[in-house]
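Each of the next two complexes has chain A plus one other chain: chain B in the first, chain C in the second.
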Partner chain A sequence: MTSTIGFYSLTFGLVCSFLIIFFSVKNFNNSQFFDNKILSITFLQFFFVTISFFSLILAFVYSDFSNETVFNHSHTTKPLFYKISGTWGNHEGSLLLWLLVLTFFIFVFLLKSQKQKKEYRILTSLIQQVIIIGFFFFLIKTSNPFNYIFPVPAQGLGLNPILQDPALAIHPPILYLGYVGSSIIFSSALAATTLNYVSKDWAKHIKQWVLVSWIFLTLGILLGSIWAYYELGWGGFWFWDPVENVSLMPWLALTTLLHCILVLEKKLLLSSWAIILSIATFTLSMSGTFLVRSGILNSVHTFANDPERGLYILIFLFCLIFLSLFIFFFFFKFEKKKKNLFWLSKETAILINNWFMMYFLSVVLIGTIYPIFLEVFSSEKISIGPPFYNKLIIPFLVPFLLAMAIGPKLKWIKSNFENKKHLILFFIISLLLSILIIRNLDISFLLNTVLVTSAFYLFFITSRDFFVKGFKRLSQNIAHFGFSLLILSILFNNIFSTEVISNLKLGETLENENFKIKFENIKEINEYNYKSIKGKFTVQDLNGSNEIMYPELRIYNQPNIVTSEADIKTNLLTDKFMTMNYIQNQDYFNIRYQVKPFMLWIWLSVLLICFGGVISFIKKYEG
Partner chain B sequence: MKIIKYLILILIILNLSSIKAEDQINDLNIKITKNLRCLICQGQSVYDSDTEFANSVKILVQNKLRDGQSEKEIYSYLKDKYGEWILYDPEFNKNTYFLWLLPVLMFLVGGAIIFKLLIKTKY
Partner chain C sequence: MKVKFLPFFLVILLIFVFFGFYKGLQNSNIYTPEVNLKKNIPSFTAKLLGVKNEISSKEIFKDDVYYLLNIWASWCVPCRDEHKFLMDFSKSEKIEIIGINYKDKIKNARNFLNELGNPYEIIISDLDGTLSIEWGAYGVPESYLIYNQKILKKVVGPISLNNFFEIKDLVK
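For the complex of A and B:
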């Protein structure tokens, strides 16, 4: 029943698209004012997709196994929360969510843009409808979430246990808000180009959307990273895995756009660059979906794949790219005005930011897709992992951080270096502090000192600005401060982490120069949808502090998968992280114990960066 | 007595240095296995994985290190056996010229564009 309702409202949603196009075209030529019918139908479309989405949720909640999606991804013994989150924990459901957000955003856009020109609003809505129709067809043709199964199975296949997790339950919706937000930027940029409306006003107006997408994308990546940290069980938070890269690329493009749009807003420069970035951001979001869904990538995060779907997205993607390039080259009016750029000015500083961001983007992009192309052309398989990215990104981080500290101090148009003694003073302090920290450690001295120095430099300069500037440019300062904190935390986390891996039997004790680990006991507990095997370990530090850790193995019933749940003791300065694993046919367990300093600060600093965005958004909204 | 004292001292030192050597082997082992792909997993390194394949590679690397082989020799041994797919750190060869050089080229082009913009300005 719910499936029928879901499918029909999906079809009605598609019909709405055509109605909107019809009325838009009519309204575009014939009237002075925006026809509110378009707004109503857009709302109706959003309403239909919402109904469709809720009927899928209901099918999951009531474990309606006549629905193929529910059968494939759910089970009656699953807790209610994961039944609901299972709705978007699979390909079909997650695409329906994409569509839901697409229709929601265009509705909000039309609501919020009432001060804008009629033609611009209509054209944005039209281009957005093209994307929406593409997704409707994709959903109905290749990934219908409402397919029937007959005879109705008694039980479902269950959701992959490592997806049964609170962080991962909200990770996709948040990430999609970011991805799909970029579709509005895309449509709006193309509309503005066509109407020759790329102006300061447009920049001001679209910046809100850039901020919204950016905030959600950042949060989405953060949640995914936190999930990987505690769920995948080896204590890392970023693996340069293709699927992670795919979410990082739109983020890099969006961050670049966020800076570039500032110049456009204030000085009406770089307008063509802003349009290109707007196109690139959405294209990267779409290719992300393509790469993940097509199963081309070998990744920890690939849970669903099907070549036909990949092909469809690829064709759709090419059409959109073609459309946008066509519009860009035929309609874009390049400025005739002479561009005036002084080397020491805020404009130049932002250009330098854009330059580095584009470089980082190209490293990630090439690193992610190069193996695919190589395999196609030479049928040789290579892996590109963390060492590649570290080698190409870390050296460039140093000038990037320094520029990030100095850039915001510069004035628009022309600046000079008067009264800038503190810049040098802080540099010396950072350098000395870094040398002091790195000196006695058994790691490469030069590289680490330079890195830590530049991160400290940004840290001190932005900290000082909180006192000197107060609430002036608070959002930017918070974000930059957060970034310095992020880099510092990552660096110190890397430098000071210690770990030990060993096989232990019940009652055995492992001792090394840092800590003493005793395997106390083991307990079996039968939970609702899994069996839990919990170990108890006492860990004694050098300084005598005791910690009891309970790493856990879970044997899920549906599907039958064993997962290892880390026990993590977090405090302000360090995380203690322990996992335990079976060793086949032996009484031994494989124990991994890690002490990871500043983990909490990695998450907090990303939140700070987000918070900077939020403040900027609120400020603009009021102003 | 003195001789015995010295002998004990020497023994302790020898013992310490062998512990030191074992430590180094462990560190190197960690470094190497972090750069190897676990072939039967999805996107995990040998170091991070606990599959039988990963564990056997860990032991293999350890034995080779104890035999005194260098990091490079171990990588090339594994490459011959399992193909380049196992190495997370792609080598610089005819297959990967573009991989390594393209990003740097992009950086240079970007720099050139900005430089040109600045030079055009008269002030």
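For the complex of A and C:
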């Protein structure tokens, strides 16, 4: 029943798209004013998709196994919370969620842009509808969430247990808000280009959308990263896994765009940057969807491997890319005469920032795509891991951090280095401090000192600004401060982490120069939908402090999958992290114990960065 | 002129990317964790324990010889248990033992070998553990039996008496 309602309201939603296009085209030439019918139909479309989405949720809640999606991804013994989150824990449902956000955002856009020009609003809505129609067809043709199964199975296949997790339940919706927000930026940038409306007003208007998408994208990545940290049990927060990279790429583009929009709003410069980045952000989000969903990449996100789906997104994606390139090259008015930028000005600093970001972006892009192409053309399989990224990114991080520290100090148009003694003073302090820290460690001295120095430098300079500037430019300062904190935490986390991996039997003790781990006992507990095997370990530190860790293995009944739950003891300064893995046909367990300093600060600093964005958003709303 | 050239170039590039992806779609498949058996050994270059110069895997593993690659560390207690088996193997002419010293201090590793004897022909140093990851190791100790660049058998955890005889059988 719910499936029927869901499917029909989805179809009605698609019909709305055609109605909107019809009225938009009519309205575009004929009338002076914006036709409010478009707004109403957009709302209606959003309403239909919502109904469709809720009927899918209901089907999941009531475990209606006549629905194929529910059958494939749910089970009656699953807790209610994961039944609901299971709605978007699969390919079909998550696409429906994507569509829901798409229709919601264009509705909000039309609502919030009433002061803007009629043509601009209509054109944005039109381009957005093209994207929406693309997704409607994709959903209905290749991934219908409302397919029937007959005869109705008595039980479902269950949700992948590693997805049964609170962080992961909200990770997709948050990330989608970011991704889909970028579609509004995309449509609006194309509309503005076509109408030659790339102006300060446009920048001011679209900045809100950039901020919203950026905040959600950042939060979404953070959630995914936290989840990977405690659930996958690899004991890190970022693995340069292709799936992580595809979310990082739009983030890099969006962050750059955010800075460009600021320049555009103030000085009407970098307009071509802004447009290209708007296109790039959404294209990269879409490519991410393609790479992840088509099965070209392998990951927990690859729900189904259906070449037809991959082909559909691929063609759709390239149509959008070619459309946007066409619009850009035919309509975009390049600035006639290059305005000369003075080398020491905020504009130049942001331009430098842009180029750095583009460099990081291309490194990540190549690292992600190169293995795919290599496999296609030479059928050789490789995987690109942290060493590649470390080598290419770390050296450039140093000038980037320094530029980030000094850039915001500069004035628009032209500035000079008067009264800038503290810049040098802070540099010396940072340098001394890092030498002091790195000196006694067994790591490469020069590289680490330089890195830590530049991170400290940014840290001190942004900290000082809180006192000197107070509430002026608070959002930027918080975000930059958060970033310096992030880099510092990551560096210290890398430098001071200790790890031991070994195979232990019950009752055995492992001893090395840092700690002594004893495998005390093991307990089996039967839970609602899984069996838990909990180990008890006592860990004794060098300085005699004792810690009892309970890493856990979970054997889920439906589907039958073993997951390993790390036991993490978090405090302000360090995380202690232990995972246990079962080794087949052996009475040994594989134990991984890590002491990771400043883990909490990595999460907190990302939150701080987000908070900077939120403040900027609120402030602009008031003013 | 510059502006005219750019779109042209972009379109060509994009078409190329499109076909790359299109081809990629056809041979994509969901990853199945394969057991590391009968698989080619990874190729690598690494430093020998306590020596500066590097050695490549091609120089280490010759064809027609059985090798037992053993991942060990001085701080690893189970490694002591299996050491007697390794010592026994080292006396045999049929098999050569290669050690990967995992996340260890050179001094401690030397002491360990001085105390218990050195069964290894070659010891590769793996200070940061990345080499062992390439081999697909879970931790220490772990051993691989290799012949003609292929992994014949993998032992997770210390070599047991059963493993010992199994390996003896295999290399006969």
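Definition applied: the second predicted complex is superposed on the first by the 616 of 623 C-alpha atoms of A that agree within 3 Å, B and C clash if a C-alpha of one lies under 4 Å from a C-alpha of the other, contacts with A are read in each partner's own complex, and residues count from 1 in each chain.
Just so it is clear, contacts are C-beta pairs under 8 Å (C-beta built on N, C-alpha and C of every residue); 3 or more make two chains touch, one makes a residue touch a chain.
Predicted model, so just to flag it, every value in this text is computed and none were measured.
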item: Three-chain arrangement built on chain A, chain B and chain C clash or fit; value: clash
item: Touched partner set for A:Asn581, first chain B, second chain C, both or neither; value: both
item: Touched partner set for A:Asn590, first chain B, second chain C, both or neither; value: both
item: Partner chain in contact with A:Phe445 - chain B first, chain C second, else both or neither; value: neither
item: Chain B versus chain C as contact partner of A:Gly310, first or second or both or neither; value: second
item: Contacts of A:Leu325 with chain B and chain C, given as first, second, both or neither; value: second
item: Which of chain B and chain C A:Trp355 touches, first, second, both or neither; value: first
item: Partner chain in contact with A:Ser383 - chain B first, chain C second, else both or neither; value: first
item: Contacts of A:Tyr148 with chain B and chain C, given as first, second, both or neither; value: neither
item: Which of chain B and chain C A:Phe18 touches, first, second, both or neither; value: neither
item: Stretch of chain B, among 1-9, 55-63 or 109-117, that runs into chain C once the two complexes are superposed; value: 55-63
item: Intersection of chain A interface sets (partners chain B, chain C); value: 298, 302, 387, 581, 590
item: Residues of chain B that touch chain A when the two form their complex; value: 34-35, 37, 41-45, 47-50, 52, 83-90, 95-96, 98-100, 102-104, 106-107, 110-111, 114, 117-118, 120-121, 123
item: Residues on chain C engaged by chain A in the complex (per definition of touch); value: 3, 6-7, 10-11, 14, 17-18, 20-31, 73, 75-78, 103, 105, 108, 129-130, 138-142, 156-158
item: Residues of chain A touching chain B in the complex; value: 234, 236, 239, 241-242, 298-302, 338-343, 348, 351-352, 355, 358-359, 362-363, 366-367, 370, 374, 378, 380-388, 392, 396, 414, 581, 584, 590
item: Of all residues in chain A, those that touch chain C in their complex; value: 290, 294-296, 298, 302, 305, 307, 310-311, 314, 318, 321-322, 325, 329, 334, 369, 372-373, 375-377, 379, 387, 499-505, 508-513, 581, 583, 586, 588, 590-592
